[in-house]
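Multiple structures are listed underneath, in structure tokens.
One chain, subunit A, appears in both complexes that follow, with subunit B as partner in the first and subunit C in the second.
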Partner chain A sequence: MQHFKLIFSATFVAIKRDRLLHALAGASLLLFLLVPVISMFSMRQVQELAITLFLSSLSFTLLIFSILLGVFSIWKDIEKRYIISVLSMPIKRRDYLLGKFSAIALFLMFTVCLMGIIGYGTITFAAHQYQSEIPVSWPNIFTAMLMSGAKYILLAAVALLFSVISTSIFLPITGTIGIFLAGSATQGLYEYINSGSGAQDISLTGQYVIKALYYLLPNFSAFDYQVYAAYTLALPLDTIFYTVCYWLIYTSFLLFCASIIFEKKEFR
Partner chain B sequence: MNRLVLTIILLTAYIAITLPLSASLKSRPDLVKLGYTPSAEVLKYITADQKLLAAQWNVLKVLFYYGTLLDKWRHNIPVAAEYYNMYRTICVAAKLDPYNIDIYYFAQAAFTWEVGRVKEVNALLEYGIKYRTWDWYLPFFAGFNYGYFLHDYKQAAKYLQRAAELSGQQYLATLAARYYYQSDSTEMGIAFLKTMLKQASDARERRMYQLRIQALSAIKYLQDAVRKYIRDNGHPPRDLKTLVSSGYIEKLPRDPYGGHFYVDKNGKVKTTSKLALHGKNSDNPT
Partner chain C sequence: MNIVEINALSKEYKVKKKRIRALDNLSLTIQKGEIFGFLGPNGAGKSTTIKILTDQIRATSGSATIFGIQSNKAEARRQIGYLPENPAFYDFMTAREYLSFTGKCFNMPESSLAERTNQVLATLDLLDAANRPLKGFSKGMTQRLGLAQALLHDPDLFIFDEPMSGLDPVGRAMVKKIIKDLKNKGKTVFFSTHITSDVEVVCDRVGILVKGRLVAIDSVEHIMATGIEGYIIQIRGQDNKTEEIKVSNSELNGVIARLLADNVKIERVNPVAHNLEDFFLDTIQAQVPTNESQ
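Coming up: the complex of A and B.
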């Protein structure tokens, strides 16, 4: 546990000091400040557009952060051979991996909270520009933000798994982006093949492939609560509960697989 | 010192080039084109969790394009508008984000009066109504389009009734009842008004509903008698006084709007007030 804490705090401090992340955070901040200005282009839904833009910017920022941190944090240690000296100490490989992951997860949630404070200001400002018929629902917006954070923690776990599998940087980056795109599309495809026209258009083999991908790949669209936030729709509490359970189980499973592979990996 | 000089030189050079560049770009001919939009099915999968943003981007693209067109037309520059492409683009946006009100607003504003694509706009509005269940504007637009453009009063009344229920606005209720009257669904109109009367708290609003219920009840009373007359005699009465002289009704009811009831050659009871306080002088009952 002590080693876990050590790795965790060292990783978190390193992430906080990363200049590339500072630059990206600065670019995101600029994007957030533009939200009220861009929202003014809408005819009748300035507030709704401000919420959409804010959540989209947050999602994009977290996507970049989760891929960079998930892929590079372990790969960098392997590439620069720090890992050999770290693992020569009495540190369990599992603690090392979980320490790294927990620091990334905490940093992503920290980003969500920080952006949330900025988002509060920008959305409030945009909402005052044009009175919408729909009231701003902060619980819905915070739910969408937290779900977004959870989604990218899951993506970071995917990236971490790829980075322990491969020693090359190519597979973790392309693999993580590929899984993200496929995992975001499977829900729509699954619904399509279960609809009348979809079942007719796609061959039986194709349907089985889609179903297999649907159950195997992480379902990222389950974490998308933007529409509930932008249009103040009633939150489906049971779906949120299932999604959180799904997230816990899937992330644990990915970390479990990553730790098994990492335990058996040889470093020269 | 060298650094300062270099900075000043670069800044001066930047300003010196920016101004003519900006002027030159301004005079560049606009490419007034909406461009291609991929289908909603494709966009749905490739935009991942950015569907709402993709939808809004398409709407803004159409709005900017339309703005450029208006600008050109105002300056008498003939430019052919890509109406089909505009409609297709906002349909794509509606599939990505069916809650987006800009889509329906724009469709209503651009495709009804100018292009006359009322049926297409109503199809889009009916799609939006399924999602924006709280919004009275969409049924109001649909109702207006049915009544004003398509002369389908029954559908107009149906949507205006929905708009009135959602907004609680008295004039929509009145309009809906008038459409019910036009479409020979007087009974439905009365039922609708009675519902609205129950919900009304304002005294003036209640009086308005009562007045309209009174008028529609009188029409229903006369219409029933005309139907009986036609059943017995095989033709409609020459005028409504015949109903009194033949014993179908005791006396002619009064039109609370100040008009006079009459029966047309098809046996339909109408009023000269057209159920409006200004109806006698109005050409259009709507």
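Coming up: the complex of A and C.
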């Protein structure tokens, strides 16, 4: 546990001192501050658009952070040979991997909280500009934010798995982006092939491929609660519960696989 | 007591579908308090052996234990101070922060960590740079920090991979002194190098690795003694002039007896010896036909 904590805090310090992340955080902040201004362009749905824009901006920021941290965190240690110095100490590889991942996950959730504070200000400001018939539901907005955080923690686990598999940077980046795009689309495709017209339009082989991808790849669209937040719809608590269980199981499975591969990895 | 025990260790790498044997049936033991020099030309398998001992890579066959614990267990590394070849450390930290991180990894108590950190920084002449980020460290400074983090928790075994690499003459002298000090404290040091003069100065025993095979292992003292080809006797003649007489090993006693009988003043007797470099080169040369025939 001691070693896990040490790797966790070292990774968190590395993230805190990363200048690229500072620049990206600054750009994100600017994006959030522009939310009330851009929302004005919608004459009637200022509040709804502000919520949607805010959650989309948060999602984009978390996407960039999760890919960067998930891919580069371990890859950089291997590439710059830091890992040789670290793993020659009595640190178990599993503790190293989980310490890294936990720091990334915590940072993503910290980003969610920080952006939540900023979001509170920007959405309140935008909502006062044009009174909506729908009241702002903060529990719905915070649920959407937390689910977004969970989604990108899962993506970081995907990135981490790729970064322990490959020694080059190409596979982790393209693989993570590819899985993210495919995992975001499978839900829609699955529903399409189960609809009458979809079953006719797509060949049987294509339908099997889509079904296989739907069951194998992480389903990122399951974490999307933007509509519930923007239009204050009643939250489906049972669906949220199952999604959280799905997230826990899938993330644990990815980390388990990454841990087995990392245990066998050689650092020449 | 054997601190390091290596039994029939072999390692094969796959390079472009070809199998390359980096280490071939290596067996070796290192005793407590010994300074063992691991010599060999580039690509001989020295670093491969060290990487197996520190669990960076896994042996294809054979085993290695450190203090009786399998080298692939994290527990085995608790009593090791390791300096990797061309070391690199988290460059977002300062030297002091990195040493604190290292100390905590070895479960050093907070109370002694700060004091010990200052000690090793002073020993390696890094006190002035202690609070600077490692990003700005030169190669020599990084190498010295590598030694500092190896010394920090005062382990019983030190494994240094090319410890003099990247150091200026002052740094090299510093490292040699550190190794000698460690010997005086009864510590065990296992270090790889291809610089024979370093081994000659600090090592008790030396192993020579060629193409993954241990081809020679002997004490430095014995190597130096068996390398004696003859002697030069310096005498002062009757006209008060200095003369030198070269004699073979077998002639030495007889010649000295004759000179003494003739009342000749013997000023000095110097052995004409091969140095370790000659031994190293001869050993490698001797392997060439064997390897070529294979």
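Note that the second predicted complex is superposed on the first by the 268 of 268 C-alpha atoms of A that agree within 3 Å, B and C clash if a C-alpha of one lies under 4 Å from a C-alpha of the other, contacts with A are read in each partner's own complex, and residues count from 1 in each chain.
We take it that a contact is a pair of C-beta atoms (placed from the backbone, for glycine too) under 8 Å apart; a residue touches a chain by one contact, two chains touch by 3 or more.
Values in this document were obtained by computation on a predicted structure and should not be read as measured data.
A.B. asks: When the two structures are laid over each other on subunit A, do subunit B and subunit C clash or fit?
C.D. replies: fit
A.B. asks: Taking the superposition on A as described, I'd like to know which of subunit B and subunit C A:76 touches: first, second, both or neither.
C.D. replies: After superposing on A, A:76 lies clear of both subunit B and subunit C.
A.B. asks: Given the touch rule stated above, what does A:184 touch, subunit B (first), subunit C (second), both, or neither?
C.D. replies: first
A.B. asks: Under the stated touch criterion, which partner chain does A:224 make contact with: subunit B (first), subunit C (second), both, or neither?
C.D. replies: First partner only, subunit B.
A.B. asks: With the two structures laid over each other on chain A, which partner does A:211 touch: subunit B (first), subunit C (second), both, or neither?
C.D. replies: neither
A.B. asks: Between subunit B (first) and subunit C (second), which, if any, makes contact with A:10: first, second, both or neither?
C.D. replies: The answer is second: A:10 touches subunit C but not subunit B.
A.B. asks: Between the C-alpha centres of subunit B and subunit C, what angle is found at the C-alpha centre of subunit A, to the nearest 10 degrees?
C.D. replies: Taking subunit A as the apex, subunit B and subunit C sit 170 degrees apart.
A.B. asks: Is subunit A touched at more residues by subunit B or by subunit C?
C.D. replies: B
A.B. asks: Look at the superposition and give the distance in whole angstrom between the closest pair of CA atoms, one from subunit B and one from subunit C.
C.D. replies: 27
A.B. asks: Can you give me the overlap between the subunit B contact set and the subunit C contact set on subunit A?
C.D. replies: Correct list for subunit A: none, the interfaces share no residue.
A.B. asks: Quick check on the complex: what are the subunit A residues that touch subunit B?
C.D. replies: These residues of subunit A touch subunit B: 41-45, 48-49, 52-53, 55-56, 59-60, 133-134, 148, 151, 180-181, 184-185, 188-189, 220-221, 223-224, 226-227, 230-231.
A.B. asks: Can you tell me which positions in subunit A touch subunit C when the two form their complex?
C.D. replies: 2-3, 6, 10, 13-14, 17-18, 80-82, 84-92, 264, 266-268
A.B. asks: State the interface residues of subunit C toward subunit A in the complex, per the touch definition above.
C.D. replies: So the residues of subunit C in touch with subunit A come to 13, 51, 54-58, 74-78, 80, 82, 84, 86-93, 101-102, 104-107, 146, 149.
A.B. asks: Help me check something: in the complex, which residues belonging to subunit B touch subunit A?
C.D. replies: 44-46, 48-53, 56, 59-60, 63, 97, 99-102, 105-106, 132, 134-135
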